[in-house]
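The chains carry the letters A, B and C, assigned in the order they are written, with residues numbered from 1 in each.
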Amino acid sequence: MSEYNMENKNPAEAPAGTDNILEIRDLTVHFVTEDETVEAVNDISMHLKKGEILGLVGETGAGKTTTALAILNLVPNPPGVIKSGSILVDGKDVLKMSVRELEQTRGSDISMIFQDPMTSLNPVFTVGDQIAESVMLHENCTKAQAYERAEEMLELVGIPRERAHEYPHQFSGGMKQRVVIAIALACNPKLLLCDEPTTALDVTIQAQVLDLMLELKEKLNTSMVFITHDLGIIAEICDRVAVMYAGRIIEEGTLEDVFNRTKHPYTEGLFNSLPNIEDRTAELKPIPGLMPDPTKLPKGCAFAPRCPYATDACIDTPQDRHRFSDTHFVLCSRYKEPGFRIQREEIS
Amino acid sequence: MHRYIIKRVLMLIPIILGVSFIVFFMMDMAEGNALDLIGLEYSEEKLAELYRQYGYDRSVFYRYFLYMKNLLHGSLGQSIIYKKDVWELYMQRLPATLKLASASVLVAVVLSIPLGIKAATTHGSLVDNTSMVVSIVGLSMPNYWLGLMLAVLFAQKLHWLPSSGDLNGIKSLILPAITVGTGLMATMTRTTRSSMLDVIRQDYLRTARAKGVPEKVVINKHALRNALIPIITVVGTEMGKALGGAVVTENVFAWPGVGRLIIDSVNQRDTAVVTGCIILTAVLISIVQLIVDILYAFVDPRLRAQYSAPRKKKAKAAPPAAPERRAAA
Amino acid sequence: MSKGKEIAAVTAAGTKSKRRDIWRRFRRNKGAMLGMLILIVLILVGATVDFWLPEDWIVGQNLTEKLQHPSAKHLFGTDELGRDLFWRTVYGTRFSLAIGFVAVIISALIGVPLGAVAGYYGGKIETVIMRITDIFSAIPSILMAIAIVSVLGRTTINLMLAVGIAAVPQFTRVTRASVLTVKNEEYIEAARALGKTDPYIIFRHILPNCLSPIIVQTTLRVAGAIISASSLSFLGIGIKPPTPEWGALLTAGKTYIMGYSYLCLFPGLAIMITVLAFNMVGDGLRDALDPKLKN
């Protein structure tokens, strides 16, 4: 899988045989209720090298958040069921950990920044307490030391330390997200999962928070999975990109691969639906149709009904994986045909 | 906060006025009066004199005025039947009512909150379903019937516990407390469960879990603290109700509480006693309510801010507000 | 089809499917369905019992068979005058149900408009209505009912009135609270902009949109009213024995509770099962009408 050349930033910490901080293999997560089964994540595999930022793109409901929660083994159960697969974080399978091990791993080795800062903080505890709680759990220290650390973390994310004694309702949305980031980073996690950390913020705050995260990443040398549906943010910060659709990764590659050598019709559709800054008069081309009902996924390619290139075979038979380079692959059966190219490629 | 408490105390005044007015006039409209009931004991002249003394020779307004005048002087008036001060009568009965109310609320709180939490965290499980069935059945039992059945079983058949009065210490408290407590427990379990179910889906619990907080702590610290407001509200309301006297249960177990005093006095048309007791009950309920409100502030910092905010706002906003309003007019 | 008709048809289809959704959720709730089944049986019995139950079975005394314990011949046993308790309990259904329903209709008729006006107009009107409500609810409702019965006299109608009036504050509160949640919705603004009168807006737009909590409250209050009314009978203030109302049956049985506890057991069970049925239906309705409360 990882035969291509790469830079390894921390070889000393890597367990023998791998320098991936995260390896997901054949992960399938379903939500099973009395009436129906939602096939949220279907047989996905991906990896993340140390110090790398992987962007996970896709529409709402594509299974991005579920994937992130699975990495923490936090998929709510019931109704969530992890059907199969393994998730190795630093060589250890989180899906096989005991409760005790999980509690130790969550918040210290792996942290997560959640989408909505307005609801992610507990309203009845001070922000200082909420950061210190994490420190107390994972580091052998006194309450006073933990609180001291909490105050330092607040300063690190640009909030005056005196505000540690205040409650979440006394903070603005952007400030709350900084607090959430401070909680996530309090114990220097090796792996940080960011679930649309800037979606709920307005644009100026968005930029500030992104800068802050990049800066902290440099400082603490964290590896990140960055979930978003904003291609602009991906371009700005990610090393590699995985595009998800209906619970599958349909295209994965380096930033260059996916942005400049786009192969999948869906990825192409995503780019076409962006406003073009060079041609402001150009009409936006949204992808027609809606994502398929995740309770009734078709047996063929899930994107086929919306795909301008789809053939009858696409609708009836599962997609094939097609590899273009060590780093770049798509899930699209049309590439079996030798001359197949999508429009975007023809133009460029 | 002080201001808030003062405001709450002041709000009691219209309630006391209103309650006394309603009770007084309703008692007057009811057929007969207390003096007629005890009239046989007295000669005609004496009765006429009593009529004058209590104002029964004049209109009900005069009597109400008399009552309010006494009230202003801190007196709740005299019972015609018991020939005692109403305050004294009430204080005689209050300990029994307090004992029953606190015992049943305590039992209910201790049992129902853990049960409600367990039911919510195992939503849909056997424990959850059973506790819901049991509590809806508990809620549907008339108190007096439950009391009677308990008395039959434990006092008559098994001879384990006394079935009436307040003379055998804890032992005589058990059956009345279970009778009152069953309904309370049902209500509190349901409230705890639904409040916890609301909270359990909140994002901040996921944040806590993602930090590595053990599940027990997530539930008992992070979730419960947020679910407490409705639970405290119910405990307060039910405590308040119980302080008004568990009228029916007191009747079943011959429990010498306030509830029975009021019922007896209604039947004997002893207006001063009824009015006085209901006023005192209203005051007691308000005090419980105030404690509940103060507890809210301890539990939820957002409410704490609300209590102190109007004060700040007023202090700052008052001077410029007046000319503004004039300008607008 | 004109555009307007089309919209009307779509809306009608919408409410129809909404109703079907509610029914589907309600039907899945086993407790609620059981409660509903019990209620249907009780209502059928209550409504028809006068026609098919021979009077003699209810009032006919037979001293040779007095105070007999439950047996195959007398399912619930007999009372001190040899009357069959089973048939008396069956006959009592009509009293308890009638009292429950009428009392709640009375409270709703007074409480809902008051709450709607308070919630809709706000300001001084609201303050006045809610303060009066506070005052009334400062008096424990059973005492209130007792006082009303002592004023009006001890008849069945007055008992219904007393129980009904005592429960008004709850209806006022619930209605006001739910009116407050919808009164600032845009369709209300729109109706106002169209120059509709306030009563029209309240009855045509606001109340229909906040009915759910009121319906739930009504169902649960019927249960409460049945308990209150029978409690009053038990305290000797409501319906007098020998009328076979359940509370009165129980009161009559209390005299013989030493040794003949079945005389109290069965009427009490009847009350409990009826109240339970209403509570289960009420819970089921609440979950069905407001699914987010449940899941």
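What we mean here is this: contacts are C-beta pairs under 8 Å (C-beta built on N, C-alpha and C of every residue); 3 or more make two chains touch, one makes a residue touch a chain.
This is a predicted model, so every value here is computed, not measured.
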Among the remaining chains, which ones contact both subunit B and subunit C? none
Chain pair with the most C-beta contacts: B-C
From the C-alpha centre of subunit B to that of subunit C, how far is it in Å? 23
Could you tell me the distance, in whole angstrom, between the mean C-alpha positions of subunit A and subunit B? 53
Interface residues, subunit B side, partner subunit C - complex: 14-15, 18-19, 22-23, 26-27, 29-31, 132-133, 136-137, 139-145, 148-149, 152, 156, 194, 241, 244-245, 247-248, 251, 262-263, 266-267, 269, 274, 278, 281-282, 285-286
Going by the contact rule set out above, which residues of subunit A touch subunit B in the complex? 72, 74, 78, 99, 102-108, 111-112, 114, 116, 119-126, 133-134, 137-138, 167, 169-170, 180, 183-184
Can you name the residues of subunit C that touch subunit B in the complex? 31, 131-132, 134-136, 138-140, 142-143, 146-148, 150-151, 153, 223, 227, 230-231, 234-235, 250, 254, 257-258, 261, 264-265, 268, 271-273, 275-276, 279-280, 283, 293
Residues of subunit B touching subunit A in their complex? 124, 202-215, 222, 225-226, 299-302, 305
